[in-house]
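In the part that follows, the structures are each spelled out as structure tokens.
Each of the next two complexes has chain A plus one more chain, namely chain B in the first and chain C in the second.
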Partner chain A sequence: MKVNPDLDFIKYMKSAGGDALKKCYQCATCSVVCPLSSDTKPFPRKEMIWAQWGLKDKLIADPDVMLCHQCGDCTAYCPRGAKPGDVLGAIRAYAYTHYGFPSGLAKMVSSAKNLPLIVGLPALIVLIMWILSGGMHVPSAEDLARYGFGHFFGHWDWPWLTKNVAFIDMIMVPAAGLAVYSAYRGVSAMWAAMAKQHDVNAGYRPSVNQFVQQFLWPAVTEIIQHNRFRECKANANRVTGHLPLMLSFIALLFVTAYSAFTQDVLGIFFPSLHGPMSMINPVKIVANIAAIALIFGIGVLWSNRAAAEAESGTTPTFYDWFLIYEIMAVGITGLCAELGRLVGVPVLAYFFYYLHLVSVVMLFLYMPYTKFAHLVYRTFAMAFEKYRASEFVTK
Partner chain B sequence: MTEQSPSGTGAVLVVGGGISGLTAALEAAEVGNDVFLVEKNPYMGGRVAQLNQYFPKLCPPSCGLEINFKRVKSNRKIRMYTMTQVKSIKGAAGSYEVSCETAPRYVNNNCTGCGACADACPDERVDDFNFGMGKTKAIYRPHEMSFPMKYVLDKGACSGDTLRIIKDACKYDAIDTEMQPKTFTLNVAAIVWATGWNPYDPTKMTNLKYSESDAIITNMQMERLAAPNGPTNGQILRPGDNKEPKSFAFVQCAGSRDENHLEYCSYICCMASMKQITYIRERYPEAPIYVFYIDLRTPGKYEKFREKLMADKNTHFIKGKVADIIPEGDGVTVVAENAVTGDKVKQKVDLCVLATGMEPAIKAQAASLGLEVDSNGFVVSNADKGMISAGCANKAADVVTSAQSATAAALKAIQAAK
Partner chain C sequence: MDKKYGAYICTGCGIGEALDVDALVSAASGQGMQPKTHEAFCGAAGRQVIEADIANDGVNTVIVCACSPRVMQDQFNFGDDKITIRGNIREQAAWCREQPSDSKSEDTIKEYYTEVAQDYIRMACVQAKKTDMPEPFKLETMNKRILVMGGGIAGLTAAKEAAKAGYEVTVVEKSGALGGKALGWTKQFPTKAPYSELVAPTIGALVAEVEGNAKITVKKTTEVARIGGAPGNFSATFKAAGAKSEWDAPAKVGVDEQDRIAKGQMEDPNAGLKNYMEENPDAEKYGAVVLATGWVPADVSAFEHLGYGANSKVVTNAEFEKMVKEGKLAGIKSVAFVQSPGGEEHDMDFPYCNSVTSMVALKQAKYVREASSDAKAYILYQHMRTPGNMEMFYKGIQQDDGIFLTKASVTKVEAAGNGCVVHAKDTLLGEDLELDVDLVVLAAGMEPTTKHEATINLAYRQGPAFLDLDLFDGYSDSHFICFPYETRRTGIYTCGGVRKAMNMEETIDDATGAALKAIQAMECADRGVAVHPRSGDQTYPEFFFQRCTQCKRCTEECPFGALDDDEKGTPKPNPTRCRRCGTCMGACPERIIGFKNYTIDMIGSMIKAIEVPDDDEDKLRILALVCENDAYPALDMAAMRKHSLNALVRFIPVRCLGSVNMAWIKDALSSGMDGAILLGCKYGDDYQCHFVKGSEIANKRMDNIGETLGSLGLEPERCAMEQIAITDYDKVPTIINDFVEKIVGLGPNPFKGF
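Up next is the complex of A and B:
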């Protein structure tokens, strides 16, 4: 076997939390203690030697890398302190950057030294839009109570689309659109690489419908139920954090969609629907519960991670902490803005609302390149696993 | 009571009466130094005495030990103390005052080893010489060639009646149930630490489930099973049900080369397992044997031995550490990943041997004795201070290396004692 080690990749691994990689002596303890490792192609022992050899092309086309939930069982039992869990995390971080489009943006988000840019760019975009909108002012307490943040970007009398929504759309739609496109491109490239590496020559391709029904949906169900998470022993408490966090994201997606529909579609015909929702509106109750679940969930993950770093020597990485900070920022700024509004302090309310918009832009825009990308990559890697074991391939 | 060196020259204290301690004591005494040899067990010979056979020539332990016992017995320069431990050390190189304590044996020098007491004794105790496999009478000889040839009483295992019965059974008035611990001081110039090793506690590897199945034994238990003076008289039978195992697994590096347990290689376990494969082959010529390893370390001439064993078609060597053992109704299933093929191996076997490593026996006591030890608990020699380590107190080693290092230690001790 000819091995062409990629030294840059090995250097990257060292910087991204995989610095213990070279200690691995291939005893394969990790592959046995890993609760997700299969009988026919166990991991992460093979990934460890591929990474030592710098075989990045094999690694980024390896579904097992994405299947790992980084529970830390392997790291806890590793006799050499090679931290396979951290190494796999670093490989995933590398893969997200590798598959990320545009690659400049993906690279920017991968390094802590770009933090001023990472935060500054969305902050500047929102600020410029705010200035351009001409709505940049601190409202009176009465206006805040009446319109909420509905006049943040100002107000015009065109009934079909409020000025506020128009400006928010101008920021969020391109950000989310780029993220969706990038994720699509990345997942497609990953799928093609996995299919090639595992010599998947399907006799006939599943239709979109078949694909969703037989592979994607079962993967999504499994993720929502957290079955694989629950297999972990060293770090079982992570379900307590991840589950409410994930459910809060789903709930907030629903709330946002509902709010957009009532305010911007029904609101055209029933102007009374504009303005902040009543606190006893069931949807608002769901939204508030979700916000608290989000902060609770990310708080649990925060403390778990801090504990793992203090106790079992998990390497602190920008990749892991950035997502924790980012989600915490979304939760805290959102909650503070709402409190500011309810208490009736317009300056604070608007200040936090601005920060909230910035953090949400960051979450959307950077989704395909940060740890948040596991949302799509892991889901499709799980779907690939099911596809590979299916009749489409094995027949 | 103070034991003075009769000749006035620097005496040497050797702590530990295993193969290293015996060798060091004899070497130092045979060039004329006075030697005190203390051993915490009621018998000399240490771990070697527990083996069935030992390297390099696969001799029974009597082979090397008997001649050493004879030399010790006939050498007037050596004073030997069993059941004795070092309690504290004062002074400096050239003039150490070592305080020792001898635990009561409850049997005095009148004992002839006739065994009448044990025959009469109704109470039993767990046989620690055989690692808990089987029992002995509460008054017992540790093993059939134990030296000195005297019985020992485990007073805690006896009822008052039993004490009366065994005393009555002894014709020589050798049993003294009121014996007390004895402390004494030794004045020595140099100390050789030949405190040896303990098998690493297998219950600490929770994933290997040692305490959950009788079908999991340690390599030292295997030595006892194969030994003619062991609990099964040399038959290799599974503890618990005494069944003849039809298949075997060896779990190498059980605790060794592992940061979470012993971070060093224990050196002997690969060869010990290979040696034990020969025990199995003598008794079960066709039984499948599976050896799970990270690397096989059979240095020097041991390579030949390894090659011969690996030629056996029923012995399978699998590169991959066992990280999980599943107890079954009959035997166990060991789980590993074959790192060569990339497949997970789940092998059901009747008997599983954990190749546990060596932990320095002095480790826990080292600090209170003011001994210099490395991060793993091995004693670091300091010739200037007259503190010298030998054998497995110095590093994990086989018998040959231990004997060599004991001779070297004796030489350093003599020099320090000048």
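Up next is the complex of A and C:
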């Protein structure tokens, strides 16, 4: 292997939480404690020396780096204080930016100095759309009680698509679409890099069906079950945070889908379905529980992270905290908007609803470039692991 | 001195129960003593008994038959004007008894071990009779100036420290400037907390301090032609560096060579040089010498796959240091530091490397980085050694983004374009590496100057250089554990790179130690006592020259070159060079060498004092002459730990097996004893002998005596030698039992009773 260390990459990792990476002296304590490590791949010992040597290409094509769920065992046990867990986080942060499309947007989201832009851009878009929609006014308490936020972007009588939904779609669909496209590109690039690095010469490719059945779906199930999380020792509490958080995302996805279906499809035929859902509607109950689970989950992760920084010297990074703040913002603004609606204070309700829309846009739009990207990269890295060990590759 | 004896038999510590005290008393009486008994002579009341005899009866030779001479030394010290002899009836009789068994009743065992103790009491009485009061040897003129050879960090520090202690020092430096290798350094290792960064060289301050010190004389561009004499009275002849002189140290000419030279079959290697015994009237006098001539970079051209010599982009660490000093790093953006040349064959570092070369690589990597912010330095090692606080230095250097470390087998260095490609296998990165670099730096080792030349240039009978240099790759022999600074030449101490590849901090410690050892040697010489390892011993070998046959065995065998000789070969002793091991005494076939308290006659008489029953086949008698440094303590320890020692064996401690004169073996066998065994230290390249050669020489002598015995009709197997480490206390009883069994198998000595 021709080796030419990338000094800038080392500088980046050091600035992004891996400040202690040069301290590693290859004792392999991390590999002993890491549940991901095996006899043939001393993870993350080898990754640590690659990082010290600035071997960027190897690291961003390393499935193990993506599979690491930052349990912190390695950092807790490292006798040298090299904080391998944080180094791996920094590498992932770099990889998300590297694979992100468009790269300008990916780079923008990777740095705290761009925070005004990161928040300002979605805030401006939502505001402009609100102004453009003409629905730009605070409703009366009665209207709020009757329509909920259904008339946030105003109202028209065209039965096939409400104005509100049309505007929300105009914001969210491009944002989510870009995110999905970017994630697709990123995952493909990562997959190709991994395949190249691991010298995968598959005799024949799995069909989409085979791929989903044999690799993707088992990976997803494993993720949902949190099996790997449970192997952590230093931060066992993370399951308590991550599991409700993940389940709440799944529940909210379901609630959103249900809401869209009832309001925008069935609503065409049964106009009474428009407007806020009854609080005793089972779906609404699920939604509220999910909202609370989301806030609870991210709260646990928040305090874990703060504790790790205080106790074991984990470096605070924008990469980690941005996602925590972002999810917390989604949860809190959503809940406040709902409370404002239920209590009947239109100004507050609308204000929080606006913030909620902004935070959701951020979540969608920035998904492929922030820590949220682990959602796809990690899942596909796990699928790649399974693929690599499968008969498609080994035979 | 008119001796007045007082004998004391202690019955404490279980001696009274284990042995028949009346029989012990009668053994002493048989030697003409009237022993007193007490249950604890080491206690205040017991001591009172002895002190009262000293005060009232004028007892001046005290025979204490109690515990081992290795313990209770303060309790049984009655002053320098008294002779004290110890008989070991506790450890080696009362405490080492066998357990009663079916074949041996309690009474039988008591009888056997009482006989053991009786013999020790008889021997102690005889020893007391044969011991004289020592008189320290005093030089006619005593010099307390120290000669320091070499003006590098080691030499300058030794000079500075000796001067600080109040001694006058002369520093001899071959080159035109003081400072040595340190003058070429751009930066040096840290010597104080936090130990993480390179620091500016401090050699200038040290040089200034030495040059400004009124107690220190500096001689630059000067070399030592020869050093004659002995501690307290060395005479050093100087010459201009590189010049030839008639006073250059002559090569050793052995007996055979002398014959061949006389017959014209060989050229005299010392033609034109003054005889080694001749004294230069212009020579300067010194009391001790510190050798700090340092090291030279080792040649690395033998490792062809690395291309040194053929490829101009491959340099040594010493050459790289020079490049940096001369500011020739321009355009060098990547450097590979190769620490180990073995490729895939082995993981050894370059010869004569140790932690220093590891640290030099770390330092020089930092030079590369400091020269240019986008430069890269690779360190490819098999071993990264940063002992002690230097671990912090390693950590500090490791922090640099552009310094890349990995364990690796460097298999090849190829020239490519303006630089080189370094190929490495078995790396920590999990893959073979190919590195494009502008320069490759090889970690050449540090060879001691003693590897290449005599260096110390002694005018000694045994030659100008240290002995057995091959045994330690050219480093002068010393005892690594027991006495690290000492060389095989008393009063001459090595420090710094000539003693071991070491860094500056180690060198400073080392040189300070050597200066103190030099002072100690001079002060001991002044007081007429041995300096080491028998520190404070006032005795020294005395020769009865009228009977000397000029056989030269003593001059040849002395491990420390203490003996010179004259034209005829009569030995000329230098007592201040002597370490009092007695190897000369063991060597002398005429038995003319002895110490005041240790003579051939004394031990011979002690052997003859052992009672040998000539009609009891069960009671064989076996003599064991035991090195008092390791084997004798091992026996004591065996007894303390309740191992039993065979009751047929009588142990006599000796200064060193080298001092064992074969006359003693003949004495033992002719007095009817059935076998003789020597217990001494390990010898060979990992020797443990305090006197370096004693046990090895004894082994050779025992081989020879075996032949003599054979010619007398005695089985050679009756004599043996075993190597015992001090930690072998658990094995030594078995070793002895095995030997006894062999003797029992051979049967009694046929000469018994004659």
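The rule we apply is simple: the second predicted complex is superposed on the first by the 393 of 395 C-alpha atoms of A that agree within 3 Å, B and C clash if a C-alpha of one lies under 4 Å from a C-alpha of the other, contacts with A are read in each partner's own complex, and residues count from 1 in each chain.
Just so it is clear, contacts are C-beta pairs under 8 Å (C-beta built on N, C-alpha and C of every residue); 3 or more make two chains touch, one makes a residue touch a chain.
This one's a predicted model, so the numbers in the text were calculated from it and none came from an experiment.
A.B. asks: For A:Ser37, decide between first (touching chain B), second (touching chain C), both and neither.
C.D. replies: It touches chain B, and chain C stays clear.
A.B. asks: Which partner does A:Tyr181 reach: the first (chain B), the second (chain C), both, or neither?
C.D. replies: A:Tyr181 sits against neither chain B nor chain C.
A.B. asks: After the superposition on A, what does A:Phe270 contact: first (chain B), second (chain C), both or neither?
C.D. replies: neither
A.B. asks: A:Trp217 contacts which: chain B (first), chain C (second), both, neither?
C.D. replies: It touches nothing on chain B or chain C.
A.B. asks: Is A:Pro79 touching anything from chain B or chain C once the two structures are fitted on A? First, second, both or neither.
C.D. replies: After superposing on A, A:Pro79 lies in contact with chain B but is clear of chain C.
A.B. asks: Can A:Lys14 be said to touch chain B (first), chain C (second), both, or neither?
C.D. replies: In the superposition, A:Lys14 contacts chain C only.
A.B. asks: Applying the touch criterion given at the start, work out whether A:Phe261 contacts chain B, chain C, both or neither, answering first, second, both or neither.
C.D. replies: A:Phe261 sits against neither chain B nor chain C.
A.B. asks: If I apply the document's touch criterion, which positions on chain A are contacted by chain B in one structure and by chain C in the other?
C.D. replies: Correct list for chain A: 25-26, 46.
A.B. asks: Could you please specify the touching residues of chain B with respect to chain A in the complex?
C.D. replies: Listed in rising order, the residues are 207, 253, 257-261, 294-295, 319-324, 335-339, 342-344, 346.
A.B. asks: Residue numbers of chain C touching chain A in their complex, please.
C.D. replies: Against chain A, the touching part of chain C is residues 374, 376, 395, 398-402, 404-407, 428-436.
A.B. asks: Could you pull out which chain A residues touch chain B in their complex?
C.D. replies: Within the complex, chain A touches chain B at residues 25-33, 37-42, 45-46, 77-81.
A.B. asks: Going by the contact rule at the top, pick out the chain A residues touching chain C in the complex.
C.D. replies: Contact set of chain A toward chain C: 1-5, 7, 10-11, 14, 22-23, 25-26, 46, 49-50, 52-55.
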